[in-house]
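Here it is, the structure in full.
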Amino acid sequence: MIKAGIVGATGYAGVELVRLLQSHPEVTVAGISSVSYEGKSISEVYPNLYKICDDTLESEDALIDKCDIIFASLPHGLSEKLAKKCVEKGVKLIDLGADFRLDSAEEYTKWYGKTYEEKDLHEKSVYLIPELMRAEYKGQPVIGNPGCYPTSIALGLAPLMKSGLVKDDGIVIDSKSGVTGAGRGLADNTHYPNCNEAFSPYKVAAHRHTPEIEQTLSKLADKKVNVTFVPHLLPVNRGIISTIYASLSSVVGAEELHKLYSDFYAREKFVRVLPLGKAANLRDVKFSNYCDISVHADEHTGRAIIVSAIDNMVKGAAGQAIQNMNIMFSLKEDCGLDFIPPAF
Amino acid sequence: MIKAGIVGATGYAGVELVRLLQSHPEVTVAGISSVSYEGKSISEVYPNLYKICDDTLESEDALIDKCDIIFASLPHGLSEKLAKKCVEKGVKLIDLGADFRLDSAEEYTKWYGKTYEEKDLHEKSVYLIPELMRAEYKGQPVIGNPGCYPTSIALGLAPLMKSGLVKDDGIVIDSKSGVTGAGRGLADNTHYPNCNEAFSPYKVAAHRHTPEIEQTLSKLADKKVNVTFVPHLLPVNRGIISTIYASLSSVVGAEELHKLYSDFYAREKFVRVLPLGKAANLRDVKFSNYCDISVHADEHTGRAIIVSAIDNMVKGAAGQAIQNMNIMFSLKEDCGLDFIPPAF
Amino acid sequence: MIKAGIVGATGYAGVELVRLLQSHPEVTVAGISSVSYEGKSISEVYPNLYKICDDTLESEDALIDKCDIIFASLPHGLSEKLAKKCVEKGVKLIDLGADFRLDSAEEYTKWYGKTYEEKDLHEKSVYLIPELMRAEYKGQPVIGNPGCYPTSIALGLAPLMKSGLVKDDGIVIDSKSGVTGAGRGLADNTHYPNCNEAFSPYKVAAHRHTPEIEQTLSKLADKKVNVTFVPHLLPVNRGIISTIYASLSSVVGAEELHKLYSDFYAREKFVRVLPLGKAANLRDVKFSNYCDISVHADEHTGRAIIVSAIDNMVKGAAGQAIQNMNIMFSLKEDCGLDFIPPAF
Amino acid sequence: MIKAGIVGATGYAGVELVRLLQSHPEVTVAGISSVSYEGKSISEVYPNLYKICDDTLESEDALIDKCDIIFASLPHGLSEKLAKKCVEKGVKLIDLGADFRLDSAEEYTKWYGKTYEEKDLHEKSVYLIPELMRAEYKGQPVIGNPGCYPTSIALGLAPLMKSGLVKDDGIVIDSKSGVTGAGRGLADNTHYPNCNEAFSPYKVAAHRHTPEIEQTLSKLADKKVNVTFVPHLLPVNRGIISTIYASLSSVVGAEELHKLYSDFYAREKFVRVLPLGKAANLRDVKFSNYCDISVHADEHTGRAIIVSAIDNMVKGAAGQAIQNMNIMFSLKEDCGLDFIPPAF
């Protein structure tokens, strides 16, 4: 059994990892840590886990000593140090934060206001959306786990980017995220009466996931791609929908688009290209590792419209991290990830 | 006092008119009608009105005989006949349905599958978003009240369309509507467990409001404008947000855009251009006749981003209809419409 | 015009007062104050008020000097000092907090952990649920405005308590409150993902409103009444429903109960006793000053079941405070309170 | 592998069974049926199942011929005939409807308006809440699966009923159910704008689960028990909370109550008695087979207050049915039921 540790276990992605890993057949949760709640049982913080996982929250260092792999779910700027300690001790690391996502140190500094201190560590890390990049995994000890928005968007746009059909500067991405995306920290905009019966964009064309999105799309298209990206806060607990508009350089009908997508994802279990005429709904992927994609054409303006839906906490965070762990340990990629989305 | 009648009073727009007109200082609700509930009290159907308005639902014809103005909230295809009767008897009509919105009989037939039977009636009618078109009211007996999506979009785009800054085919509109927009009729997609904790687009690039949107934008731009328009069903009761992306033909900064909008709407009470840096939220316009607009620039892709929020049942339906009635009767435009949006 | 000031204007009850008083025909909001936001415009804190009320938040003292009446919405323990200042300057005070609700200084200390410092002030104050106690207003300069739960419960039980039909210790009250009842302060249990799709009681049989409830019921019954009271947090913004179970000393059928209630409230505009067979729903009183009451009998166990619904922020706070102000100033009791609950 | 069939697979309990059984290690779903959708794929009706279970909906008879056990989720009055066919062919049946719950044919007729046609079948059936009645399973071919409210209430009251501490007629049950409890059928009260931001009791003291509740409590107490039972519709998708008030014949403190409950359920995996001071929350049992119980004392009125929370679709329907199937087939009772409630 693989011994896994979770650093930042009382954050939302952390506790989701605790939950999902309970049913992974090849993994034991060997330890969990939290700075704020060290010494407490996690089920005091999350009573859903009472009598299921009453493990005590330990220090980060205690974990490293007894684990084969660490999942880190920390605010940006804290993962490098942790990574260094892990790599030195031969422990693998999957970072669910932002510190190992961007290739460019400049972009990281521009968007996150910090600097890469350990440049060689970044050489040893890889950013991995499994369906698009699994071939790039070559034993690196550190994986940068993708952000939630970038996952939904990269999966939604990959076939089109590869096709060469998209006009330069022709992409608009309108994303909507459930409130868990904002995390466990209390804030005015996630106070119930402020976000219930409310809806608004935030960080309009200024969200930190923008460089990550453009990095992936540029690689797929093999040229620099800029996008307009606007996220919105959606009054639901879970899920992200990205409605993606792509201006095409030639007329492409809905059937042709649908075939492009169906062929591209024909062998991918976790990406479901919906039948033509259906629209992706975050309801249908909640609590699962699936990404549902629906494909639409607006021929009178020459745009393809792609709708991509994931559970932000599963495929957008903890589930994809486990998928990446499965790759790291040469397990079947869907091992421990057979969660079926409920109908309601 | 103006004697007003409401045809289709048990629909959502109808009952909102009943509510709003109770506090209009110049209007008496002289009669209400409903085909499905004739003979019943409206407070049996809507218990919120118990002991406030227990009026009995009558026939359409009974109403015409005792009213100065009829508000019609009917499925499309039924308003022409009603309009004919009203006009013959010298009664004014404001149609909240789709039958007097489109200038082009061909477009109407294409999108609604019916034909204009009474062409001269359409000559006598006018489509009116007060802030943009009040000068076009010249005593016509019939007003076509705008749709909810088109209202939020036309107000959101008018300053830009008039400016000539928008590239051809450069507009993407991503709209999200509360569930009351789908009306009172029962349907699978508005069954609570289906739309709570759910989110999805519908009628992608195929919604009937598209020709109405393009008609208004084309007039404003003084050339044919095509748009990509995708509506989504939002799990809240009320409100519409349209996030509008417009590719610009030259570089325009956020301050300049903001000045364009602030100047354009400087004298409009019901359109609030938010301070730069804020984002419009449907929470802040609910239960009111306000349209909140926030202006953003994405300079790295050359797009303006406009966020426009209204209450779909007030400014998007009943409130705007009353505003139009005020124009018809030469009252102050905001008469009876001083509803302050609650904080929660 | 009466010059009103609101102390604690950025709390939820405070900002609701700001909103409701805008449309009161006899009142001008002469000043608003807030310790946390002094010097800021209230519309920076509550953007729903932008361009409607952009007043600057001042100090408490500045308000007293220019107002005829102060509404105070403060944490308990802070109102006595304010009251003293007001009374000395001849300014009336309506306290929406807990400091002038309990007759018994011992009970106040027991439940709130503070003491009455100004005993004579309490002599000059009166606790007022208008429908039940308006006769007790005899020019007192200070009114203790009732709590939200106690209002819904006292109105729901008054006819039964007066009837003498209720068995000793025979009352169970199961109340459910919308999240605004917890106020504007951030807390774990009002963080959106914690209370959306959740439901739980809190302070089971230990809520501070218990002595206030028992005080009123005891006066109505003319003997000491104890109740079991359990509040629950309901995932909606507004509204309180109290489902009240009363064991009866003799068999009383539903019709008889209904007549008792209908007669008792026959002249009360803001209390609607629903037709037999209907159940009160908080949906139907939202945004209004109404209290809806439905009456049911469970003859096989000998209990009456009363369901009482109010908007916690209107009839349960700001609306009732205005109703009390109307009494203080000899205005019609419903003056400025004609808010019609919307259907949705 | 046990071959299971689901009759009524497109109802809410049916589709939940389809989902839960996918991950049961000893069961294959051999067939699913639906009268309304025969011939269609279930994933056309429930797109969450797309590419996971695209099975075609067959006729009831086709299922019986190939299954070892049938789960029936049908409107009342239809299960007897199905049971007869199953029993004749040696196929086991678990009925999730109401037809095998009540011992008394008179009560069934009184509450459901139908009659038991096959009296001997009822002799061969058993009603089973596993934690309380598993000893009563002696190979009967038909199990009547308990209702959702009765499950939450029986588990919540069993220790007290057995203790003999509860006064006659001393029980009040205030239950709140998520909207899935009302099923898949469209209705006015489950139309989104009607039940969002709304809350109301329904069938006050007249719900059909009342005789089932009283039957179980009477057996536990070994005397006839009457209760006052009021259900409410809660604006969440899933979950039931029952707040139960029991007047006690002697003074019992919270610690003593807590010990009574902890001891009673010490060996039950699926019943979690929460630490004293906590309150059960339906959030913490959602999507799982757990029943959380919190115990409280109101000594000043002599009542115990028990809060019992389940997921109405799992422990209240499909999960408990699987637990009962496990008993029927001598599997471990928790087999295939290790669903961990998510934190959000």
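Order as written gives the chain letters A, B, C and D; numbering starts at 1 within each chain.
Keep this in mind: a residue touches a chain if its C-beta (ideal position, glycine included) is under 8 Å from a C-beta of that chain, and two chains touch if they have at least 3 such contacts.
Keep in mind it's a predicted model, so treat the numbers as computed, not measured.
Participant: Rounding to the nearest 5 degrees, give the angle of the rotation that lays the CA atoms of chain A over those of chain C.
Facilitator: Angle of rotation between the two copies: 180 degrees.
Participant: What is the distance in Å between the mean C-alpha positions of chain B and chain D?
Facilitator: From the centre of chain B to the centre of chain D is 46 Å.
Participant: Just give me the whole-number Å value for how far the CA centre of chain A lies from that of chain B.
Facilitator: Each chain's C-alpha centroid was found; their separation is 38 Å.
Participant: Taking the mean of the C-alpha atoms as each chain's centre, how many Å separate chain A from chain D?
Facilitator: 37
Participant: Please set out, as single numbers or ranges, the residues of chain C touching at least two other chains.
Facilitator: Residues 12, 180, 193, 196-197, 235-238, 281, 283, 344.
Participant: Would you identify the shape of the chain contact graph, picking one of line, ring, star, complete or other?
Facilitator: Graph shape, chains as nodes and touching pairs as edges: complete.
Participant: Residue numbers of chain B touching chain D in their complex, please.
Facilitator: Result: residues 12, 179-180, 184, 186-188, 190-193, 195-197, 235-237 of chain B touch chain D.
Participant: Once bound in the complex, which stretches of chain B touch chain A?
Facilitator: Against chain A, the touching part of chain B is residues 169, 172, 174, 176, 193-194, 196-202, 204-205, 226-228, 230, 232, 234-239, 241, 243, 245, 247, 279-283, 286, 294, 296-298, 300-303, 305, 307, 309, 344.
Participant: Going by the contact rule set out above, which residues of chain D touch chain A in the complex?
Facilitator: Chain D reaches chain A through residues 12, 15-16, 19, 22-23, 46-52, 180, 197, 237-238, 272, 274, 278, 281, 283-285, 287, 292, 313, 338, 340-344.
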